[in-house]
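Given below, in the form of structure tokens, are the structures.
Next come two complexes built around chain A: one with chain B, the other with chain C.
Entry: the complex of A and B
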């Protein structure tokens, strides 16, 4: 924990840090290249003739097929096509949706707001409920409180978002009529009202994960010698828990990448079960309609977000835990 | 997904082995008192699901049969304990028939991922060096990709139905098994029996698969159970989205999606498969944790 252990001259440490950061950046870039390659290949993975697929519901004539081949440069070598697509995407040209004929970027922009609000709300609910619950379970380890919370977390992790959402929908919207069944609502409060049940459905799985992570982290810290030492010195329990929580926060914060991956899947399921017109339902429909440009764009955006968050987490890690810095430098 | 849940729980399990013989005995005594009930219930649920899956051939023709009267019927109608769905099929029979798809796919995913894990992870852990580097980077790469998203996109765009989905999930699940086996094998490598097997002149593959792998198996079997539970959640999610089981087959995810329209008239048409998914996945998950705990206890006792 102490900072004295880094004895190397400042310049050497700085160089090592930048080497670590550079390596991490490079790995992220490589991952994005692989992902974009996979995503571009989707066009070729889809069964059937590519030109016909790209025509969608339009009538298939030899002229139309030729026009599509021309428009998408389908006669170029694969790698040339990939490069053209990638530079288009980087330049902001996301192509047009096969299904609607509208620019993909516009379609995504009009739906992104709802999904972002849903994720933020779900994340907040999960954090506010599960972190205290995890700490509580760890402090009461082995008691019925702990066992109940741990079993609850196992159920929560094993419950897919759509099953939870459906149950909530039935109990609170259909039977009790406390919440609306469909729609997105008007104004801030109306939207919040309509998003509450979906956000709770999203928060159940995520929250269960956070309870497990928090409990394990706090249990690990509570067994450290410094806790025994602090207690024997007669420090108040509040102060002991203060240091424990600060140390336990590290593995929880660094699991953020895991949580984001979980949220990606969860959002799709929850949006579909509640019929919300967000990016999740858009992806589902685009996949079912084989609307490849939309699928490519959405997958790339999510992949980019996931990669950037895991990069950010690694860098935050360096800042909040000096031990990692030393290990990274030592490599 | 599985590596997501494992590290904290594994560390936690180790932490529960309180030092000293008294502590250990106390912990076992407490476990003996508390574990069996949940474990017994879980085992019972899993058993019922397996029996339904085995009897699939008997249940399925009956489940797919539509009642003369089209349209949904609520509960309490004679002969339909949970009512019928919008096509007039009996919800309970459909639930029983759906057990096959809830067992077969997840078991294949877990088994396939275990085999890949033992082969790649075993060789990487045993040989080390370049082989290890290549295998580990491959595992890192696949694990860094957003798995569920890829499963939805690839399985959906390929449009191949249930078994294509299962295959995609095997690819996405295997890297965490590869990592686990590699770690466990590397841990075994420093033990004296490896040295003596080498002195005896046994071949590398023979040492790895006849002597190292059996020592690694208990942990991997417990992990495979956890994988079954995560695969069940993943497969039923994909079926729910319309990218897994084909329309017209018995599958819980599909049944739930179909039954949604009946939330007003016969809510059980969609709630029953939802409960079935959650109960089965939770039971398998609990059994996996219980096994992992037991194997860990044994390893410590040795």
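Entry: the complex of A and C
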């Protein structure tokens, strides 16, 4: 089935899309290099000494200190240190964690599963609840339903994730004892049960934002002439809403894309509050310890995920808004 | 049927399809449309004429139960055998097969992300293949090829979109079509084609048509019966031949007088209707008497501009010149490149080739200033009128005070502290003109500066411009799609089509004895011409192929 009754033949569309993706991937690579350099510099400049951190409470002799500094090349010039790290990464070696002495790749792989599950669950909760709520508020604009949802969303946006987390813990885990206070659980259902409260804490702020964005997008579409025209043609309300949602999808998808990147950041606070051993707590501990290889690796992963999500959002645009596709081809 | 209580004052009731009585609309601040009665007959056209704010659109919406939130209708509607209250939700059942409302703007009345065929098909039941055939038949009925079904609205021109909308409106075979300003957003040649199409479809289907327009010329061409509204009240009603040609009410007469379209058409047809009507286009200064207008102020040679991604250049080598103290009208339809020309002249766009020479003494912003089409978006809503004007004067180094500027454009000094939102469209456009004059430019460029205004306001603004030209010796370049406006304001005319000048010369010679076939087609499309000059010698206008720009 050819969707290209337009001037542009299919091959041209495909070619310009692959060129677009290639350019974006190249830009992502550059961004990641810049990012890694920045983080490396910041950690280098931050107060504290890795050698002292490693020796911990042991009595610090100048010899021991020198030995540690030698082992981790801490006396090399800054740029040499950075280059050693960068060449390692390019060669596929992410280095070893200074704190645990284990390879960084293994460290991250063992903890990534939990964080991914938390983010996916948080995203699903926020999307499944907020989008229908936003549509509902838009359709009942000006009524008590709308006002309640909008004021609830304002509260949700303003409440910080860790505070919501503490409140949820107090009410549902401590007082009502419906959910566990701590731990990750065994098996699918056990994990789901343990991750529900953290995921809700993660979802509240974002979900509130999505309610507002969805409502605004749907309200704007409902005011369009085509809605009046469809109604005047006697089309069913379901059909009218279908059209409205299709057209409102563009800002909603943007907001969902932003949401995932925000979730990636928000997971740090939530994991710390709920004591979950995910990437968030790992990053927090690594920063405190000046565990450079781990911080670098985690930052790059987050950066890569954010870039890929925004690329995915842009590609989804091309599917849901044919006008953008045409402009992209024209360029 | 007991029609006696429902019959409107005008005319006998013969095969009325729709009768509406005591239709009134009220909003939070009280009554907006006072009770009125309507009657539509199969195959006949009733036109509601009125300027913006007259309540004509709300009346149309009331008949379809599609009023905006917070606005309510009352009254009863009788369609065929059924009688319904306008206040309830019952009207929903009548929409589609009973009454369908066609909206003004073809650019917004279709969903941008759905294919045209799909949108038309929504109102057609049945199997997929049957639906496809039915959509193709509907497209053929409005003169479009079946391929259009696979396109999305943004791939079509305005005229084609309005045809698609018309096909969509007809999909459910309505008995009554209400068309609310269906062609106002279109070019004059396209406007005529779409109106002709509606006419022929109406005749073929025996549909009743309620046409709502602010354009008296359109009304005169198409109406069987007419109803003139102002401020929510019916001022005059009756057969179109009487109401629109020999009106009794003073307001209708003034509308008629202000309607430059008819004036121009009459002048073109050589008909002299020297009745007691005041001459609104006394603004015209004929070429002969513009005495001292002599040396050149602006000379444009070989101006070219293309935009990336567009096959045809927006400007393909334009030459023109503006004489000091006179007005040049640049006439063309959308896509002709006239707005690109204006933007190049004031430096908002960089031409690819060619030269723009200002031969005056001024430099910088004092060479030329521009007034845009839409007075609603041209003013900064956060600044008061006075602040906006003094800001403009400060930037350009003008010496006129805010009071002087307001006085120049005929506004009281007390407007200075107000914000744009408190002003009407015409007043805002006056402020926009004052803002351009604050810099004391040698050349004033007006880019469709009156086309968003009501006819009577249009005439006022044109008069204002003429008096400003006289007082200040301004030179003007007036860009318009409207030939009657061009005729009213200019001494010379340039006709632009697809980025090329197809004809130029004095206003009188170009508009009265056009040489190029495109100018002839433009002139023939002026609404009101058919009615004003039934004996028009021009015959059928040369068809102007419609295309996407």
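Here, the second predicted complex is superposed on the first by the 250 of 331 C-alpha atoms of A that agree within 3 Å, B and C clash if a C-alpha of one lies under 4 Å from a C-alpha of the other, contacts with A are read in each partner's own complex, and residues count from 1 in each chain.
We adopt the following convention: a contact is a pair of C-beta atoms (placed from the backbone, for glycine too) under 8 Å apart; a residue touches a chain by one contact, two chains touch by 3 or more.
Here the structure is a predicted model, which means the values were calculated and not measured.
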item	value
First, second, both or neither for A:232, with chain B first and chain C second	second
Superposed model, chain A: greater residue contact from chain B or chain C	B
First (chain B), second (chain C), both or neither touched by A:319	neither
Contacts of A:224 with chain B and chain C, given as first, second, both or neither	second
First, second, both or neither for A:213, with chain B first and chain C second	first
Chain B versus chain C as contact partner of A:142, first or second or both or neither	both
Which of chain B and chain C A:31 touches, first, second, both or neither	first
Partner chain(s) touched by A:243 [first = chain B, second = chain C, both, neither]	second
Touched partner set for A:265, first chain B, second chain C, both or neither	first
Overlapping contact positions on chain A, where the chain C interface meets the chain B interface	142
Chain A-facing residues of chain C, complex	64, 66, 69, 92-105, 108-114, 122-123, 147, 150-152, 154-155, 165, 168-169, 171-172, 308-310
Partner chain B, residues of chain A touching it in the complex	31, 34-35, 38-39, 42, 45-47, 142, 147, 151, 154-155, 157-163, 166-167, 169-170, 174, 181, 209, 212-213, 215-217, 219-220, 223, 251, 258, 261-262, 264-265, 268-269, 272-273, 283-284, 287-288, 290, 292, 295, 299, 302-303, 306-307, 310
Touching residues on chain B, where the partner in the complex is chain A	4-5, 8-9, 11-12, 15, 30, 34, 38, 141, 144-150, 152-154, 156-159, 229, 233, 236-237, 240-243, 253, 256-257, 260, 263-264, 267, 270-271, 274-275, 277-278, 281-282, 284-286, 289
Sites on chain A touched by chain C in the complex	5-6, 141-142, 224-226, 228-235, 239, 243, 246-247, 320-323, 326-327, 330-331
